[in-house]
Amino acid sequence: MAKLWGKNLNKEVEDFTVGTDFQLDQRLVRYDCVGSIAHAIMLQKQGYLSVGEKRKLVQTLDEIIFLDEKGKFKIRKQDEDCHTAIENYLVKKLGDTGKKIHFCRSRNDQVLTALRLYYNLELGNCKKQANSLLESIKNFKKKYSGIMMPGYTHTRKAMPSSIDLWAESFADSFKDDLKLLNFTFNLVNQSPLGTGAGYGLPTKTDRKFTAEKLGFKKVQENPIYAQNSRGKFESIILHSLSQIMLDLNKISNDIIFFSIPEIGYFKLPDELCTGSSIMPHKKNPDVLEIMRANYHIVNSYEFQVKNTSSNLISGYHRDLQTTKEPIMKGFDITKQSLSAMSLVFDRLEVNKENCKKAMTKELYSVKEVYKLSKKGTPFRDAYNQIKSKF
Amino acid sequence: MAKLWGKNLNKEVEDFTVGTDFQLDQRLVRYDCVGSIAHAIMLQKQGYLSVGEKRKLVQTLDEIIFLDEKGKFKIRKQDEDCHTAIENYLVKKLGDTGKKIHFCRSRNDQVLTALRLYYNLELGNCKKQANSLLESIKNFKKKYSGIMMPGYTHTRKAMPSSIDLWAESFADSFKDDLKLLNFTFNLVNQSPLGTGAGYGLPTKTDRKFTAEKLGFKKVQENPIYAQNSRGKFESIILHSLSQIMLDLNKISNDIIFFSIPEIGYFKLPDELCTGSSIMPHKKNPDVLEIMRANYHIVNSYEFQVKNTSSNLISGYHRDLQTTKEPIMKGFDITKQSLSAMSLVFDRLEVNKENCKKAMTKELYSVKEVYKLSKKGTPFRDAYNQIKSKF
Amino acid sequence: MAKLWGKNLNKEVEDFTVGTDFQLDQRLVRYDCVGSIAHAIMLQKQGYLSVGEKRKLVQTLDEIIFLDEKGKFKIRKQDEDCHTAIENYLVKKLGDTGKKIHFCRSRNDQVLTALRLYYNLELGNCKKQANSLLESIKNFKKKYSGIMMPGYTHTRKAMPSSIDLWAESFADSFKDDLKLLNFTFNLVNQSPLGTGAGYGLPTKTDRKFTAEKLGFKKVQENPIYAQNSRGKFESIILHSLSQIMLDLNKISNDIIFFSIPEIGYFKLPDELCTGSSIMPHKKNPDVLEIMRANYHIVNSYEFQVKNTSSNLISGYHRDLQTTKEPIMKGFDITKQSLSAMSLVFDRLEVNKENCKKAMTKELYSVKEVYKLSKKGTPFRDAYNQIKSKF
Amino acid sequence: MAKLWGKNLNKEVEDFTVGTDFQLDQRLVRYDCVGSIAHAIMLQKQGYLSVGEKRKLVQTLDEIIFLDEKGKFKIRKQDEDCHTAIENYLVKKLGDTGKKIHFCRSRNDQVLTALRLYYNLELGNCKKQANSLLESIKNFKKKYSGIMMPGYTHTRKAMPSSIDLWAESFADSFKDDLKLLNFTFNLVNQSPLGTGAGYGLPTKTDRKFTAEKLGFKKVQENPIYAQNSRGKFESIILHSLSQIMLDLNKISNDIIFFSIPEIGYFKLPDELCTGSSIMPHKKNPDVLEIMRANYHIVNSYEFQVKNTSSNLISGYHRDLQTTKEPIMKGFDITKQSLSAMSLVFDRLEVNKENCKKAMTKELYSVKEVYKLSKKGTPFRDAYNQIKSKF
């Protein structure tokens, strides 16, 4: 009785189209139930369900949430996805009442709803992790405040810098990332529930009611746009995550470079270093290398989503199902990377002595030029005068 | 006397590194002069220039702006870029006074300043064009309001839709794009002037003063972040543009598809159609095909910028120069595409009769199901009952 | 006793760096054992192992292969990867003899060896699947040979085409893909075993011997190149797969378009169609839509690998570990897509009548022009003469 | 009289669709004439032209080639592209005879032919440049042969390496790139001439004759495939170029890193270094940074082409015109980068003393382990014994 809407799909084709969707959907069970609860309440409010029917549906959906929390609501491949699994469960438990839950919605708006509830939560999680990293950076900065170190351009010593300046630069960058994250959170925070298959429904519903119930900031009025924003919104989210990852990529490069023994401004404690299977002396910054690579993963996810959504006409296409994995993994990778970077900042050591030794004379060449300039030599002449010394 | 800071660079290497930068820089001349004027005023305010020197510098910079407007300030390859060309001009005209303009800045913050002033303007232009397209969509919708047409999912007829619904869906999407554009405008609107080569300057300047003079919303305090945001900000801008282009891509697909003779809901007037060199009967929607392809150009620009900036340590690298072409072309393509799409909406015709004929029975299958549901058949049973008819 | 080379790595960092690598490695167990067997035989040949030690190692490695085939050799997260799991097993079983297996190799060349053996096999599998698809196309063509249909340019009817021409076009394209696949197979077919950590080994080994034993076409002589080709070779493979996927993408588009009821040249049998949760009449080509989207997945994998490998100095970096998932999934998706497309061609139906009806007059406009041309009117004049009729 | 096939295209739309195509086409003039000459000869051979007509066409096409070499055959925007400009010229000069040149071809196959002739030449140029770089690497290696230097993994000193090993690694990599380039050259070397608009021609032609005349290795038989290979072939070429660029990217990183003063194994002579506008002491490796960035440009071109070609049905779409710029620029960038890298290897200096000083004890840790192993300590125990020293 798996597929309630009775397809006779060829088994191989079904396996092919379902792919790993049924596994990914495991984490959407909660959100689909939450969405369905709001939907059921609305159905009753509109007179499409009796109070008793609504109560039974809400109870059973709560039951599924409870089972899912215990890891006991497993989606099987033949269920295809969480939405079918949940409707199946309702029908099995409640008979005709279960068969009424899908009135006034399509799987299209149902999926969109569950996904957006999930995005809301995950965007919040990313914000939390980013703030926690900001805290770690602040502590690191305080611990090593006042230490001068060389600033580099073109991977060569340029001018005097400091731990404070370096740490602050990333704090400022993350603060801008957080603004972008917030903007994205607000932009995608639109309720698609009630848009049906992308062209509305031939009956009256109360979209404002479900939107409020589910905590959405607004109703996404146009049903075609609701569908067309699948892929679009995901790419906007992934782009926001990629900006965080770009910063982590840069921090990773800095720490890897500043901690090579030839430079030695930083030291990664042994517990953050990995060894080699052949060279007993090696202490490798694998944690930062994986972080660096993670940027490229998230980036390619954004790219995948953007291209998958392109060159298609309006309305849902199954192609869009494949955007589920990149967005989910994108969130996972970003959260893990932020958390790992907090740990790095908590443990990272600055070698004061190496920093000091590295503050060599050429770093002050601009200072020399400026001294001459202030005494009256036009800047460009002063520059050329000092230049001849190098 | 081309390179004021006297490099002995190998000719081939110089050509290779300059690339087309001197050509792209032609459009930055104005912005660099504007930035330099604010800088000169600040220098005088701080006591680094006399009032007379400042006046001469400002006058000569105004002169360059004037020449540039007339197309008479040409950057030559040996100038390398607009910044050198302008400093050269000032030195040639004003002697020692010209040699003082580069005090308290580096080419790094100078370039960033010119670019951001340019971005501000171009983001404004994009907003204008997008609003003008919104106007065209609105007019189109009004002209054909009330006409029903099939809505598609999976490139197959699904449910009843209408011109109104279709046109509104893009209007809503562009409105969200405009929000993103606005956000981006505000985010990148930070003054980098005075951050020098990315590590500040060994003398006092007034960054707040120049920022206000240039109309920036805030000072980008951290000089390392100012440098590191090169590439980052460009990718954020290109991403915003790509969202506009994604919508144009979808509209293009819709119109191409809805106007094939086999479907014929839409008709592109002949003046918007291109012929074939061999087939006398052909009327092709080239304008929409170029538009569709343009999305992929802007998209690949975003990814070029994102990858160019990756896996590098903090501080400027010449790699970042190559982000100039994609951002400039990205703006050009977006503006041209928005403008072309306005024209399309102004001229696009709806074939009312074809739309009407296409409103076939199966489009109302959900209505039939809902009729049964409302009479008491649980939705899923009603669905299966109607399904057996197809 | 998990990590034989005794790291004190922080637990969170370890989890972060291992990621899903231990799961992906499950499918490398066999290849690592095969590589290790060849390595052990070489070690004995060079006098580094006794005959008895070699025998025991080979037996135990065979045992692991056997266990793995039964699904009984499970890599746990604390093992980190298959290589450690296998060495652990050998040490546990054989004591000191097990501790000798890693002499004359590093995990770097060991991983490369296992991966390349796996690539060889999977490239072979892809070839087989592509050939099987060629067979299905051939049968389809034979079944519907002689049926004319319109050929399209710019998504508009252009000139007469036929099922034969259409089917052949993809057969020819896949034949070129197979050439690329073959070329790739030969290019990456180089033995890295014995290159150690990328800088050779401070003792004599016999790389030619192990290369032949393992069926490699040649020894990859330079150890730095062996390391640097990680990422590079993977991107070449993924690019080859993406060419196959590009063809599948185009076929999918064609079939989706030619089977919309408004056109109806093709018909996808119901067993290959998916329904809708709300619209009882829908028959959707989901299988082709997933196929189309799969192109973008493989494409973004290539892109991810290419960017992960960039902007890094020579020698191994942990970043490269993240190229394992895209290459493995790239193979899986390509094989599954080829197989699903065979099925589609086996079942796809051509609607002869619709094809015939669609052979409208304008398709023959070039023929008319040519008739005039042959009678003496210069082509361009003839073209314009006919054009005036449309 | 610009557009011979009389379109009434709206001016803005025309500008938009033509874009910069008329400028890019300047370099195709020669190839289009060469293709047209072969076509004219074939037309006469088939009896579609008189001997006199053929002679006049060939002469005039030769004239255009001659004018073009002198820079005197300029394509104007209103010509749209080189193909129209050339046909216009023929008609203007030869009247009716000129109007006959387009018999038995479409602009589609005409463009493909010109492009492929151009690709053949440029692929040859890339091969030449790559071989010339191989020569430079060989000379560099000979000059500094025998110098030991540290080998790095994870950007940390790992094991002993040498200039020879380092230089050879890139030589080997380029040799593999050359194989790929050769393969690509052979794969795309198929004559599309005579496939018309993608569905053949309603009259007899001799495709084998023109293919041989133009030096193509084979006829691309299927006309649909000929069209569908637009975009596909370009992406295969760009991928081949990107592999060369990936190697250049890695060399660039190595030289930038090995030449930082803190490490100093390499020294870039001053004539290859760029200065700073503010810091008189700076000597920056801009040439290598631009090279590194160029990889990302070529890479993003490949992806642009790959995505532009996707999600479209068979047959020409104007979208494909936008693949012209990336392929042309891809060739330019690759040739320029190869040439610049030859220069770098010709001038690059190795600091023998710094290399020697850097050969510190830990680089020999594996040697120590192996000494113990050879004396009988199982490898893993020996490894752990030595490890405890670090």
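As written, the chains take the letters A, B, C and D, and residue 1 is the first residue of each chain.
By definition in this document, a residue touches a chain if its C-beta (ideal position, glycine included) is under 8 Å from a C-beta of that chain, and two chains touch if they have at least 3 such contacts.
For clarity, every value in this text was computed on a predicted model and none was experimentally measured.
Set against the Cα centre of chain C, the chain with the most distant centre is B.
Across B-C and A-C, the chain pair carrying more C-beta contacts is A-C. Centre to centre, using the average C-alpha position, chain A and chain C are separated by 28 Å. If each chain is reduced to the centroid of its CA atoms, chain B and chain C end up 36 Å from each other. Along chain C, residues 5-6, 102, 108, 153-155, 158-159, 196-197, 257, 275-276, 278-280, 284, 286, 289, 292, 296, 299, 303, 307, 310-312, 317-318, 366, 383-384, 387 each make contact with two or more other chains. Contact residues of chain C toward chain B in the complex are 153-159, 256-257, 260-263, 275-276, 278-286, 289, 303, 307, 310-312, 362, 365-366, 369, 383-384, 386-387, 389-390. Partner chain D is touched in their complex by these residues of chain B: 5-10, 12-13, 16-17, 19, 83, 102, 105-108, 110, 196-197, 270-280, 284, 286-287, 289-290, 292-294, 296-297, 299-301, 303-304, 307-308, 317-322, 336-337, 339-340, 343, 347.
Across the complex, chain C meets chain D through its residues 4-6, 48, 87, 91, 96-103, 108, 151-155, 158-161, 165-166, 168-170, 172-173, 176, 179-180, 183, 187, 196-203, 220-225, 227-229, 232, 235-236, 239, 242-243, 246, 249-250, 253-254, 257, 292, 295-296, 299, 303, 306-307, 309-318, 364, 366-367, 370, 373-374, 378-381, 383-384, 387.
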